[in-house]
Amino acid sequence: MSSDFSNLRVDFPVLDQHVGGHPLVYLDNAATTHKPRAVIDAVARFYERDNSNVHRGLHALSMRATDGYEAARARTARFINAADSAEIVFTSGTTASVNLVAQGWARDNLKSGDVVLCTEMEHHSNMVPWQIVCQQTGATLKYIPVLGEDAEGGLDMEALDQLLTEQVKLVAFTHISNTLGTINPAAEICAKARAVGALTMVDGAQSAGHEDVDVQAMGCDFYAFSGHKMAAPTGIGVLYGRRELLDHMSPWQGGGGMISVVRYDASEWKPAPERFEAGTPNVADAVGMHAAMDYLDSVGRPKIGQHEAELAALAYDRLSELPGIRLLGPRSGEPRAGLVSFAFADVHAHDVVTFADQDGVALRGGHHCNQPLMHKLGLPSTTRASFYLYNTPEDVDALVTSMRRILNFFGAG
Amino acid sequence: MSDLTDLYQAVILDHNKRPRNRGKLPQATRVASGDNPTCGDNCTVYLKMEGEKIGEISFEGSGCAISQASASLMTTQLQGKTLAEAESEFDEFKNIVTTGEEPADFSEVAAFAGVHAFPARIKCATLSWHAAIDALNKPDQPVEN
Amino acid sequence: MSSDFSNLRVDFPVLDQHVGGHPLVYLDNAATTHKPRAVIDAVARFYERDNSNVHRGLHALSMRATDGYEAARARTARFINAADSAEIVFTSGTTASVNLVAQGWARDNLKSGDVVLCTEMEHHSNMVPWQIVCQQTGATLKYIPVLGEDAEGGLDMEALDQLLTEQVKLVAFTHISNTLGTINPAAEICAKARAVGALTMVDGAQSAGHEDVDVQAMGCDFYAFSGHKMAAPTGIGVLYGRRELLDHMSPWQGGGGMISVVRYDASEWKPAPERFEAGTPNVADAVGMHAAMDYLDSVGRPKIGQHEAELAALAYDRLSELPGIRLLGPRSGEPRAGLVSFAFADVHAHDVVTFADQDGVALRGGHHCNQPLMHKLGLPSTTRASFYLYNTPEDVDALVTSMRRILNFFGAG
Amino acid sequence: MSDLTDLYQAVILDHNKRPRNRGKLPQATRVASGDNPTCGDNCTVYLKMEGEKIGEISFEGSGCAISQASASLMTTQLQGKTLAEAESEFDEFKNIVTTGEEPADFSEVAAFAGVHAFPARIKCATLSWHAAIDALNKPDQPVEN
């Protein structure tokens, strides 16, 4: 647990506050992360110096705004090692990226008899769009099961082999589960999918800001992520798509900026990525995301990921000593991303979170946009603690202390 | 912590630990459910009417301490009430949980005044009440249990 | 021309700079407007104090973020006098708002034989989505013509009467033209549409921040606008829809936050507005837009509109003295919004804009996302000067001086 | 203003005012068009081949001073050239307009070096060249004029 990390806390102004009379211990990073001063300032500076619409402008501000926006695109391509900037589409977030693929690619390419494979641990954002498009096209949605009564066994890779027939046109799966902390073998799944001719859509919401991502090495066809989950502003996200695919996809939205020719009777589209960016883009937040990528890579994403994983492992072990606790996802000692989900036999997650908040500890309680998995596990909800680079072992102490207090309060300790 | 003990008053902890009228009602003539899917809370209310009045009432479901205690207390409050009376009790309850004003007459529902400081929890407190009013508004009919 | 307005310039940090050695004269406001300090700070403050995900959170920051987001929604309802906050859907901008209606309402409700009426002066963003959905459904897209060889006559209201048959299911029109400066009689068009049972979609991109908008008095069914065109951040916009309509529309995007129940086989939706806000919303920029609305209304939108209109009228008259100039839209003395589009016989708009930029004057040259209208008028492109509250009569002087210099340079003066 | 006079050099103003080889070519055997729809610029290039070489060349279209002057100059440069020669001229031209480096041999195309300071205008300068190369890559066939 490198001490470098506690030095980074000062970069995040929001952490310097008290909640309920206690210093804030923010452990809701899987929902959204905080922004370093460098990102907040990059957004403000854009508005103070370069603010303008992009693309069609020939005046100084407009050229600067265009340069800033396109530099963010090139930076994003480097961030995930895309072969070409044209493979980077800016969206409003992971959810929009998945919907774009569902409506721009799947709606045109799926038909009755085709299968989309998803996993039982998918976030609603990488599940509901496939439900919708399967309903629209007559294709069938199937799920790769999750193993173990606490989902500790991860994806059932044998079941995957069986499910992967020639009918499968797309495998949509999350790189890291926001509910379980499971890290899925993305490259392996992509290779298996490719072997039967299926495309892959990887939900990178929980991985992009936490490890070095290389979409070419991973071998995925689409990869989606959100800025706000990796130290960047809200309202900006990314869809990576292989160029051959993007160039043949239908636009999802019509409007300014995505057309090459408009006549009153019909229109023609620009190539990717512009084809998928109708309307004035979120320039300021793209510039802010650029700053976030620089920030994260200056710390080093592999180091960040290791730091979080160490905190999560510590939290898992310490929490497992509490009476009546049920911990989800990988067992102690198994690889786990930077989060821990758990439930108490006698205290509901809502009460846990409300109580912890009074101790200054920010947690998330609920289904974490993963209702069907909760249902399968027989849990109405869980409490989740999720870590990021600015968290410390002391934050784990605060979490465990708060949990002990609530168990006592409810007479369950 | 003052807010918290306001929220989790003894009355609430007690109803949460030892819920009254919990379980299915074998001869129920009306039933309605509600849920708060974002939390996973759910609640089903069973009524056996005696004319215009609630003869027997029970609830089932799962949720946080606030929602469980509120459901339990609700059943004790609405027993013997007509629809009109139940609606006016619910109005009073909603007023308590949204404003924090404690009712003039000393009553257990006053324990829920602390909820108003936790707006995200108001839905937990009112879930079972909504189900009860829904059930009251239905016609009598045999309920499959 | 109230002198109050030049006092407001200091509120906009971006204006305090030089371009090409001259003080910046920003006349590209129809493309995007600048942000006052109050808006830049509101966004930064959100990240510094309240940053969190919304809706499902029970900890302090999450409740503050939710409160901030929902307060922005209530403020937006007041801003356009919607009857109910639930009628306000946050989107990424006007373009997304129009596409939402096209795919969420029109795709389900249009069929072969139905007609969508648009206008010849529509921005691509309120035209291409209708082309796409008409192609998808077999409905027919027709256009209300624009009158006059310089489009000075506005919409042909007699033609509208003829076009408004029972087959018309929707009339989609812009409140204010971003190319011509024409102000369309929105309430009158909405009333006529209603009389034949057609819905109305008003593009408010150029009106929301420039006049007091009252959607109930206007009588429209949908009204769309973008934050960035009214002093708010990029990446946030609004769709207003009448509640009865929104509650019966299909969701456009699936994902977290818009569902009430998700099972592996199917899902159910929340009511509006959440149904249309899949994924983590752009909380910070919604909060920023709230601050922009407060700022604009503290100045007074009617005053802002009048100020801009006076500047545009002055510019129109001064420019009309230049040799070989062709001015589009309402003639001198006729009502006109705060912008002027023009073309020179011998100097192309690109050369004009590049040249003006060296004088510090930021203009836009091109088709202004209105290619078919340009084509109808026989112009490849025009130069546009568009004004906002921080512009002054001196800015008009700078514009005219720069135009004279370029005419001389190209030997056309 | 120094940048601007770099951009609008006398050569460019002259070609813009008095374009060479402008208009349709009656006996053209190859033709290709290009446009820059975001600006409304468009350009059509007509070629009459003599064997592997361009015998006659002309252009039509509208656009800014940069695009018009570039088209005019391009026709004078490519006259008599083969495809391979034209491609290498275009490479040199692209190098000039993107880097601002002036070619060693004194030539009129050096006038376009100023464009590199205006990246948004590079497309204007190269539009007609792209059309010419496209046309050169086509087979000979009678062109309807």
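Here the chain labels run A, B, C and D in written order, and each chain numbers its own residues starting at 1.
The rule is simple: a contact is a pair of C-beta atoms (placed from the backbone, for glycine too) under 8 Å apart; a residue touches a chain by one contact, two chains touch by 3 or more.
Please read these numbers as outputs of a predicted model, since none were measured by experiment.
*Asks:* Keeping to the contact definition above, tell me which chains border both subunit B and subunit C.
*Replies:* A
*Asks:* Take subunit A out and leave the rest in place: which chains still touch each other in groups?
*Replies:* one piece
*Asks:* Would you mind checking which chain's C-alpha centre is most distant from the centre of subunit A?
*Replies:* D
*Asks:* Per the centroid of Cα atoms for each chain, what is the distance between subunit B and subunit D, given in Å?
*Replies:* The computed centroid separation for subunit B versus subunit D comes out at 80 Å.
*Asks:* Please report how many Å separate the Cα centroid of subunit A from that of subunit B, as a whole number.
*Replies:* 38
*Asks:* Quick one: subunit C and subunit D, Cα centre-to-centre, how many Å?
*Replies:* Once rounded, the distance between the two centres reads 38 Å.
*Asks:* Let me have the rounded angstrom distance from the C-alpha centre of subunit A over to the C-alpha centre of subunit C, please.
*Replies:* 31
*Asks:* Which subunit B residues touch at least two other chains?
*Replies:* In subunit B, 37-39, 118, 121 touch at least two other chains.
*Asks:* Could you list the positions in subunit C whose residues touch two or more of the other chains?
*Replies:* Within subunit C, residues 20, 56-58, 259, 261, 350, 354, 365-366, 371 contact more than one other chain.
*Asks:* Please give the residue numbers of subunit C that touch subunit B in the complex, ascending.
*Replies:* So the residues of subunit C in touch with subunit B come to 55-58, 63, 66, 259-261.
*Asks:* How about subunit C: which of its residues touch subunit D in the complex?
*Replies:* Result: residues 20, 347-351, 354-355, 358, 365-367, 371, 374, 379-381, 409-411 of subunit C touch subunit D.
*Asks:* Quick check: in the complex, which residue numbers of subunit B touch subunit C?
*Replies:* 37-39, 118-121
*Asks:* Can you name the residues of subunit A that touch subunit C in the complex?
*Replies:* Those residues of subunit A that touch subunit C are 13-14, 17, 19-20, 24, 26, 28, 31-32, 34-35, 39-40, 43-44, 47-53, 56-62, 92-96, 98-99, 102-103, 120, 123-125, 127-129, 131-132, 135, 141, 143, 226, 228, 233-236, 251-259, 261-267, 278-285, 350, 353-354, 356-357, 361-366, 369, 371-372, 375.
*Asks:* Touching subunit C in the complex: which residues of subunit D?
*Replies:* Within the complex, subunit D touches subunit C at residues 1, 3-4, 7-8, 13, 17, 37-42, 62-66, 68, 118, 121, 124.
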